[in-house]
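Both of the next two complexes hold chain A, though its partner changes from chain B to chain C.
Right, the complex of A and B next:
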């Protein structure tokens, strides 16, 4: 027996050590940014690209790194940028807009904004200037030079420069406008006197369309050459409608059906050089950047054909035309870029897919190889609707295993034996695993239920998504057949194994672990809402509220509803109505103030758990909390003078319990009102624009009398629900609050914290004892004041913003203008709650410990030392045992 | 057993008369010690002596009975000086203050008054015992008072807060 207990102790100890090593579960907080889909404007190099996305971001994507998005610049709230240009050395990226008068330049390596310029009109074109800065023209015809030190200088060329072409000739840069004005500029920015004008060759219909070397091509396919301050027209027999392109300054090609013909320009005459016949239909592809690649890319029905003419252009020897053919599927919406790295010319085909995924095909023209990458810069969803956070359902095997822990049948010894057997089998498994692989198995399960599932509806992709809060990985995706139905609600079933997505004409039951669609049913009448109702067998089922007379449709028809269930619903901007839940929703009371508009209503959450029903004061008396669960907060605005009124209403009887009217000089900013109710308190926040811009926080603590502390069960209709005392206090916060939430733990023992999502992109955890309405104002605090409440402190109207209170510490959150969701769910550890913040821009999850992690070992707990101490004590016990026996015997002798 | 015969029946040599060899006894040593132990029988006490003894015993019993009270002022002073904060030493001290009198009442009351019984006592010994117990209780009450001052005795409303429940309502409601 002694030996068995010894082994049992060792096994239990081992289990204990395994449990401790899970402490690193606390390190896991993560964020996933949704950068959205790439817009078509990209500026790639061989290993990456810079792009604008439809989430209004400028992102740099690196292909060869795990973290694909190297940096991202949030452009929300700025002008609408649509064009990106990189400089010649790929050091700087320029961003401008066809509609707004603004010009940005960013460092390409780190995304730092180098210069923001507000121009007189939208920027039309940006070109590099001798590797030292850029020239940019504006739509109104002004031309500017931006030097490497980001100083701006306007250049006056004597004519308006809207859209222009440029070419480097003899150490000068020649600028030719579409209208035919020509001017050359030297490296010191002095415009050279120039007698040349193309005006006699151009007209409104015949504009300059290309300029390479000294050769100019116009709309009517006239070819002009600039030579020593003179312009010559090259005689050619191209028709106005022929497709003529410039390749280099002395090489032209035409594309006609079935063939590509090359011409050279010699002495102002074009000579036909060579014709390539292509039997199958083909499309000429145009590159989107100033290309280092001299050649032609065409798309055929079977793939891509590339003609590299870099050697041919000098020698005019047709045998030097290198031709490549790649068998590949090219779509139509691809953007094509060329780049040059390590003496190799690369062609990049970039095509967009949905959900932030794009494909890059790279053709290496020196090696004739093709590489294809599919890169994700966004998340697999682009909108988030009614997210809920649920627990991972326990697997069936686990349920079996832990059953003996809860069951009380059987004798103490049989239960102990069962547990011993389980511990021993675990020990055996661990030892076997250690011998096989050299380390102990890390249990993959999550004993404290830190990991949750977030289920939401993606309205763009029209499917249900589930994401694990462990690492943000997508668990499943379910696409029920819903057509264009509107989502009403997503609810979890009471057994926690399924989620039900309710749309206006159908509802779908989905397994919450696998995402398998278990049941789909459609209804004839429109569903307007859904709720969980209690049944006589002490269970909860989902009931659907139908549009016709608020009829209820139970998802399980064989059960009976418990009586005395009520719901509250806001009907319009002025009316709130209470209903009793029977077969229908039978109206009971309504709240309507003719002169008032309802801004916000909130009900005390069903999940609110409180362990202590009162506050122990210094004189050992108790301040009982008012914990009435059916409490409704209504905030209204008086239409005539804008006064804000706060009502507390008993949601069953409709009785007014409390009314607080704000000062009418406060002017509330629209939609800034947020509220959170829990425990015995209500916190609501709003932004005022007058008398000055302030973020206000109002805290109300409700207290009851002693009679409420009793174990009896009463009916609201027989017992008064009046609030004994309401204490209230206002605070200011230095940031604009976009969303509010309260932490919740399993037993409600842990202190509560209030989570503030600020507009600047942080979630701050403010303990409730800071937002205490009983903080002492206008007098010195006495000793008993300090003992009256937990961490009582004197009133200070400003709640300080401490960076250590930011839950997101190093991650910056992106806050949407609406639909920001903060989800809180208790874990099995009383100290800890799981918190997720999600909107269409990002998904962030962490854990909060409002009273610090008092029920877990700290991460720096030395487990090895602990084990050594226990083993040492055990050895010392064994070793000294014989001495002790000897000593006892000796003691007997001396007597 | 023969082995141990020496142990079981030791042969004790008698001390020689001290002055037989002319050596002097040490100062203060009286050779009558032997004779006293040998005689062993107490002297018969006379009637007057008996009365005296009874008086003495009564006096002694009274002293014993009120002895615990003598420590009350000191304990009071110590309790007052050590403050009401919850610290190990004051708590241990208070435990001793409660425990020691309790222990004495149950284990020592009879024992210490046993030999103070006399044949015809004016005051019955039970009364002395009662006084003794009362004094011990008085001494103990200082400990209890000290515990009370420390807030370790659950007498106040707040002490029972954790066991109290909020009233439950039959009706439930939800916001749609």
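Right, the complex of A and C next:
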């Protein structure tokens, strides 16, 4: 009971530590989804469309709203859908596949899946059935009716219905198959007896290709009219190779070189009505007509021509043909369709621009107006490789200011005068601004460096890209000439003003603010890696590791490297080597275990800062942390028996410091291993398959004696680096963990948290004190146990998921199977770190406060209420003062 | 009767449509509150993408381990009625994960055994023994109960109303009648003091009236004989007197 109450108390504490305030949600974080490019779409109405995208999503786009994407259904992991159809009432969207046996229907308003059907064969066609549902046929010839309540009924027409054509005549729907079978069905789904057959007119080579009203067109340009008792062949002079199109049941047109000729069907004879001559070469475009609009679209060398024959089709009066010409460059991916609403005909052009953007142009044929819109569905990149998060470089003016603040040249008075002048000029600017606009100027600066730049390489577009973490806006795009080169690494220069993209045959220096390409160098020998090394003048420069004998190429040739710098490289699946960095990489040690395969290696991040070197215990002793920075974690698998081993190695000397063999090795799911190291701890996670599928977390805390803890030496050949104590504990987590990271702050004073990206699309921030390997197991906790560490608690093998710890709160993240990146960067506020999660599907950024925002006012701090309280207290003081005087007087009188 | 026949036909058709080999696993989220459907029907505006498409915010996966410890997962989708199914599931042992971004469910992990028949039972996280009761079979869908909403946000707790309601007097402000009574009492208590400031003469008059009333009551009231034990009363009185004496003695 006591244990439970302790745990609940701890849970209550965590809740107040890291839950997101309702006032902060959606303000301090943002998410951008990458829906990709449209691959196919339908436009159920004039103000929006429903589309399938190349990111495997079904999206609804609304043209006239700020948030263009209304909903997006994730189809990953499901069948391959390729066709969309909407119903007549524009309420339901149907999705099916020409390769898989599946049929989905979705609510068009909110994207909710209405029905999922697994069919006997792929769905061939879906058509609206009056206003009562849809008919869908399968490739095996079966025909089904899906009613508005999503009940399915099979229809037997007496023949197989694969692809078919339909037309509404006299309250019946006529279905004509490509092969020429005909049957009519009434609104109650009763198949009407029909003595008509087209079999004598059709064949395998002469199939039905169009059916309008009662008129049927075949491949060989035969025109047939359907009567209740028989079929008549219309007499015509069309050849088999002529381009004949059916516009309405009694209007046909042919397209030949230089002209479009219209024919009417009267008494089973075609009569030529009118010919339009077009002097320049043209070709016919597919124009989806929305009744009552009837039109023909042709593309010419100068643009686009649309003939409105709506009135002509009724009256056959050629003067009623309206012609519209548009100067538009139609690309291959452009679609044209018409819509008719409020007695107005709109012509829509949708063109896909292949960078997540499509443009929509809408011409109102009645008013002659044009509306144009560029709509972003996806993000301007399709893949994210080697992302890094960097600070915004300080502007030049700020640098000058800082320089004057720290400068020591000149006399004290001259420096004071300069500062006074600067302050007076700032005051003058503020007063001038107040007089002009009534407001003091607000600084656009980001004084606490909350906003960062994420730089990455888009391998599909072959561009270097930079995005602001403030709002996800694209800052710049740089396209160096790299051909098909492979990216090796992206690094930031030590001054923070440039980034260097290193490819296998060249490297390119880019200004991190503007994206301007500053320098491009080609290298004859292949670059295999890049390092950041220190020089004798204590600067950090980039050194390129070349393939031939691990030669180093320094990006600044006029410097000397600081001696005793070491790096570790994994050479192959079995070998890790340590090197000393000189002019070459001189090998110092090697780690190779026969019969063992290296699964994962990890370093402690070099930016890691720790302010506390020990833990004060209840007995007034100090448990010193093992903070040696050159630790290397290696996880291997023994090939013969599958045993998984965890090694801790001194990356300078190659000395083995700790080894742990897993007793649950046989069940470890190899690809699930993730690791994070920081401070004096290592956390790694993996999935086990036996006795059940389970997510495990292993926590190792390393402790040392006082001397080792206080030593800041990076390289210690002459000292022992042995770890005094390794404390380890295993936990279970209810969800599959796809990626791990740890928070970092500027001074390392703030508590550290571990970030878990779960497969279900959440990032949970788990405080490190929860993942404490020293949690008390198998006994009741004593008073001294509670004082032995910060928020010490009894051991519970399960780390419960707490929704208050979800950084993404209600946003659902899309997790990729690989290449999920969690980037963490400290801000200038010790309490706060910037966190971004990005992969090819989405980009999410937020700020974390692992120990609450203790150094800044929260966003919902009510200054007005605070002022009212002060005033209230002051009034109360004044009001009670007379009572107090009276009381004191009475007391004196009693004396 | 006609309705039953229609349903039977629909089921028959569905069975005809269902041509996949293997076993079928079906499930449903039950007990969803009516306001959830109301939100969807009214197309309630949400700052989130798919904010009201709660069905799409479920992660439903059927996991099993294949050779070489590789996890194979099959994704399920929820329909409007919060139903899901996996068709053509082969023999073997699986884990079924049902996780919602918006709702708390009775359980999120289930063990699925597919052999001669399908058996679904709850799976516990960690070393704890799970509930071995068979919750569902191939014929009987898995019913997962809705337990509540997932809370993600800490609300601002600095409002005066919340402060009052959270105080020991909170029960008064939770009820309208109590609140009125409380306010009236407060006004009656505060009025004489306020009157002293606003209208001292009226306050004096009131005080005199009160004193007059009190003295009349004293005159008309019969003399009360103390019923409490004399010692207790004496002790109380002596305490009171002693304190008075002490004060005066200083």
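Keep in mind that, in the parts below, the second predicted complex is superposed on the first by the 781 of 895 C-alpha atoms of A that agree within 3 Å, B and C clash if a C-alpha of one lies under 4 Å from a C-alpha of the other, contacts with A are read in each partner's own complex, and residues count from 1 in each chain.
The definition used in the following text is that a residue touches a chain if its C-beta (ideal position, glycine included) is under 8 Å from a C-beta of that chain, and two chains touch if they have at least 3 such contacts.
This one's a predicted model, so the numbers in the text were calculated from it and none came from an experiment.
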Quiz item: Is A:568 contacted by the first partner chain B, the second partner chain C, both or neither?
Solution: first
For A:545, using the defined touch cut-off, is the partner it touches chain B, chain C, both, or neither? Pick first, second, both or neither.
first
Based on the superposed arrangement, let me know which partner A:693 touches: chain B (first), chain C (second), both, or neither?
-> second
Query raised in the report: Just chain B (first), just chain C (second), both, or neither: which does A:126 touch?
Result: neither
Practice item. State whether A:804 touches chain B only (first), chain C only (second), both chains, or neither. Key: second
Max touched-residue count on chain A (chain B vs chain C) belongs to chain C
Practice task
Would you check which partner chain A:603 touches, where first means chain B only, second means chain C only, and both and neither mean what they say?
Solution key: first
Given the complex, residues on chain A that touch chain C span 15-16, 19-23, 25-26, 33, 69, 71-74, 76-78, 101, 107, 109-120, 144, 151-154, 667-672, 687, 689-690, 692-694, 732-735, 759-762, 797-798, 803-804, 806, 809-812, 860, 862, 865, 894-895
Residue positions on chain A within touch of chain B in the complex are 529, 531-532, 534, 545, 564-569, 578, 601-603, 606, 610, 612-614, 616-617, 620-622, 625, 627-630, 632, 651-652, 707-716, 719
The chain C residues in contact with chain A across the complex are 6-7, 9-10, 13-14, 16-20, 40, 43, 47-53, 55-57, 59, 61, 63, 65, 68-71, 73-75, 77-80, 85, 87, 95, 97, 99, 101-102, 108-109, 111, 123, 125-128, 150-156, 158, 247-248, 250
Listed in rising order, chain B residues that touch chain A in their complex are 151, 156-159, 161-162, 164-176
